[in-house]
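Two complexes, one shared chain (chain A), two partners (chain B, chain C).
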Partner chain A sequence: MGSSGTWQLYSVLVGGLGTLAIFSFLIKENPLYRFFEHLFIGIAAGLGPMLVIRDFLWPTILAPMFGDNVTAFPDGTLSEPYQPLYLLYIVPMLFGCLYYFIYSRRNAWLAKIVIGFTLGASGALAIRGFFGEVLPQIFGSFKPLVVLSEAGGFEIVESLNNIIFVATLLLVLNYFFFTFGREGSVQGKAAPLGRPLLMVCFGAFFGSTVMARLALLVERVQFISDDWLSAVRVLFGLG
Partner chain B sequence: MEVRQAADRRAQIIRLFTLLGGVYFFAYFLLPESAIEAIGLKERQEPISNGFIAIGAMAIGLGLLNLVSAHGSRLAFRKKGWVYSLALLSGLFSMIVVTALQWRQSLGATAELRKIQVVSDFAQRISQDAEGQKPAPPLSTRIEALQRYASEQLSALDVGALSPGTSDSPLRGELRQSAQALREKISVAPAESGEALTPPTKEWLEAVAKAGSKLGAALSAYQRELASGTTVQQLYSLLYEGVFTQLGAAMFALLGVYIASAAFRAFRIRTVESALMMTAALVVMLGQISLGRMVSDQLPELRQWLLEVPNSAAFRAIRLGAAVAGLMLAIRMWLSIESRSFSSRKK
Partner chain C sequence: MQGRRLIYLAMIVAVAVPMLLGWSLQPQRLVTAERMYDVVEGVQVEPGEVAVVWFDFGPGTMAENEPQAQVLLEHLFRRRIPVVLLSQYQQAEAALQSIPRDVATRLEREMPGQRWSYGEAWVNGGFRPGGSIFIQALVNAPDVSKFLGREVGGMPIAQYPAFAKIGGVERVKLVGHITGLTGVFDTIIQFFQKADYRPTLVHGCTSITIPEAYIFLDSGQLKGLLEGIAGAAWYSEVLKQHFPQSNNTKLLVVNTALSSAHLVLIGLIVLGNLIALKDWLRRRHG
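== the complex of A and B ==
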């Protein structure tokens, strides 16, 4: 077996041990579970910043700023002229460094400037997102209640589906509408109808979530019974 | 009094920056397409957005500092659970070091690859410049420079990747063939008398560009093969695929067991509504597995209908309600109405 294969086996061995340690939580919280839980958090916390640097900061900000994306051809000409405007990236980078004033007791308010700036940008992006993404969904929700085929015939199944869709949408929206007093009004009388529909929705969600998680569980069990046990047999010579 | 005034001034500055943070994206959304193009915002949109992301990206060290200070002190003073802190910090630093080493390795490989790709890019550039009559050094000088540079790179490749000591593989064979093809092309440059691009020269430049590009692709595949066997790559795979991915999947799978067990304990069919909920969940679960088809052939279709019609409509209603609330929250946040306590002095 090559060294690459041995590494692969060790990788499976560690992964299987970790999986078993995590599953041991089902019996009781124990030191092995906590050890692997902390290891997982440590690796995730180490990977995140490195990905930001490797996949965003270097190729998008630093490389163009240092002219690393410009190639010098053998005759001395350049693949593209260097853009000094990229140096302006220093401004947001320095501004972003204000985050670290959060550790200063005296100047912590400087960190609030950059946090506020980011909050403002997120707020404006959310406003844009509402009009750009949610409004088309609202328009798209009101489907035709009478659907006719190309030949002009009445499509009963599709029409019924659309009626149920629009009715469910309106009844559930109405259920959450608390702005005006609704006692005695049509709106108030219709509100309880939204509850069972919501329950159907929650039930379907619950079913989908359980199935997705169980699929993962089955995959884990298969990994332990196939890959991990094979790796253990090979590494420890258990036939 | 003076302290209070300074605090108010600071609060005003924070509110001003909060407003400024949203002005660009809001203006970009409000302005018509023609106005955006006229003021040159369209072509600058990407670098400006990158600038915004760069601000957030600078916060990457905050989490690290917090983790290191919290767990570092627990480890240093041997407080309760210090072994777990050791595990966390070991995972953290080993991942940072291994990812950094792997990145360094890939940067070196990319630089090597770029040298070969320059042959192809330069050949294309010579052709484009000559056709477009752009100001450039004389054509004959450029062709000589291209030949000289390509020869140098091929010699370096002979010494490096194609040296006799390196183990042989199909990819290495392909690399050798591609290098030979480029060598043949550059050895017979057309006699270029004038400075205008003649059809034979254009054809030659295209052939060199094609051969250079093929060599680049072969070298890239060969580099990937080499990199997969290095200790750094193996360590990265061990940490990423062996630990991170496996533990992540195990955590999610564990939640599946807990959801099912919590549901078993909490769900009691006491009302019509709870019965509806349970029926919908059962239909969705049974409709997804082969057992469901044994109960009824219609179950998968019923599941599909349930998900596409009533569930989709109810979920959309929930989303619309949440989106309206989100819109209000966004406006309040942007105008510092929501976060007044954030910008004001604490005490």
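== the complex of A and C ==
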């Protein structure tokens, strides 16, 4: 077995141990569970910044700035010319670094410039995103209550679907309409109808959440039964 | 306490038995997955045009998202549509590396003599931070391959002939998004578009996010949807109908194990309610 094979074997073994240690919580809280829980949190916290540096900051920003992406061949030619314009990245980087003045009482106002800029940009993006996401949904909710086929026939299932959709939409919107007094009005009488419809929705969410959790269990059981047990057999010379 | 452990045990047995015995049942027909198949099948690409597929998932939702990624890539690879893989999620790194390689290996085993190689069938653009800002810049870039710059191995993407002349985002003929994270999916919906361009967007979601995904499917923002493992299983079945050599038995076994767990769960809910009803009747009658 090569070094990569050995590495793969031990990573599967540790992965299986980690899975069993976390599942051991189902019996009761124990030190092994605690150890792996903290291990996972630590790995997740460390992995994020490392990947940002390795996969983005270095290859996209820093390497081009330092010319590290340019390879010099023995004949003196370069794989690509160095682009000094990449040095302009320093300007937004320095601007972003002003954020650290938040720790200085005297110069905290400098951090506020960055925060203000970020808030403004985020606000603009949020508005743009809202229109990009919600407007098509509003248009999509304009459904015909009577659907006719191309031949002119009445499509009962489609029509029923659309009627249920539009009725649910209106009743749920009405349920959350609190602007003026509604006692005694038709709107007030219709409001409670929105509640059971919301309950149906929450039930669907709950059911699908359970399904997702079971899928996670299936994947882990598959990992233990296929990969981990095979690795254990190899470790003990049985496979 | 003891009862709770019995429930855990019942669930594990319900999942493990079908998998250990290799049971596989015919998956339930899902219209959404069929629609997605038709959408992918209908994509026509000229030389230089590509599909962009986002893998925004990590170990936490791998159980559902990995089979979805497999079937989508299998279909795109069979149709020889070059795929640019990207991710907004750091923990997707392993999936970006292993899934296309595994699918390509499976196809090469199925069709000896044919090759699906890196740089030709797919290129891994890797993890790209920046969320909405990155996507906006990508959509507005005059040349997608130049904008993406280098793939994860450090090679300029434009050096691979299949991805050298992508041009503007209009040449991205299909966008696939596989995730269990609602935030990143919203970002794609909101920003992967411009005034004269709306992508043909297909989505693989986890079971938790199915109700939300349906909103986008209903409004037409999504053209196709894979609902959890069941969606991937049916897509795999449709692939098999069109490509009889396609063989993803493992996925069908996983889907059967999931159904078995659902049956036990429904049984436990019914049993719990019957016991509660019996208690209530006993208290009522003294």
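Just so we're on the same page, the second predicted complex is superposed on the first by the 190 of 239 C-alpha atoms of A that agree within 3 Å, B and C clash if a C-alpha of one lies under 4 Å from a C-alpha of the other, contacts with A are read in each partner's own complex, and residues count from 1 in each chain.
Please note the rule applied: contacts are C-beta pairs under 8 Å (C-beta built on N, C-alpha and C of every residue); 3 or more make two chains touch, one makes a residue touch a chain.
Fair warning: this is a prediction, and the values are worked out from it, not measured in the lab.
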First (chain B), second (chain C), both or neither touched by A:27: second
Larger contact residue set on chain A - chain B or chain C: B
Which of chain B and chain C A:198 touches, first, second, both or neither: first
Which superposed partner A:225 touches (first chain B, second chain C, both, neither): second
Which superposed partner A:47 touches (first chain B, second chain C, both, neither): both
Partner chain in contact with A:136 - chain B first, chain C second, else both or neither: second
Touching partner for A:5 - first (chain B), second (chain C), both, neither: neither
Contacts of A:144 with chain B and chain C, given as first, second, both or neither: neither
First (chain B), second (chain C), both or neither touched by A:169: first
Contacts of A:116 with chain B and chain C, given as first, second, both or neither: first
Residues of chain A that lie at the interface with chain B and also at the interface with chain C: 26, 44, 47-48, 51-52, 56, 60, 121, 125, 128, 130, 132, 137, 141, 165, 201, 204-205, 208-212, 214, 216-217, 219-220
Parts of chain C lying in touch with chain A, wherever the complex brings them together: 5, 8, 11-12, 15-16, 19-20, 60-64, 66, 90-91, 93, 126-129, 132-133, 136, 149-150, 152, 154, 180, 186-187, 189-191, 193, 206-211, 215-216, 218-221, 228-229, 254, 257-258, 261-262, 265
Chain B partner contacts - residues on chain A that touch it in the complex: 3-4, 7-8, 10-12, 14-16, 18-19, 22-23, 25-26, 31, 34-54, 56-57, 60-61, 71, 73-77, 79, 85-86, 88-89, 91-93, 95-97, 99-100, 102-103, 109, 112-128, 130-132, 134, 137-138, 141, 161, 164-166, 168-170, 172-173, 176, 195-214, 216-217, 219-220, 223
Complex contacts: residues of chain A adjacent to chain C: 26-27, 44, 47-48, 51-52, 55-56, 59-60, 69, 121, 125, 128-130, 132-133, 136-137, 139-141, 165, 201, 204-205, 208-212, 214-222, 225
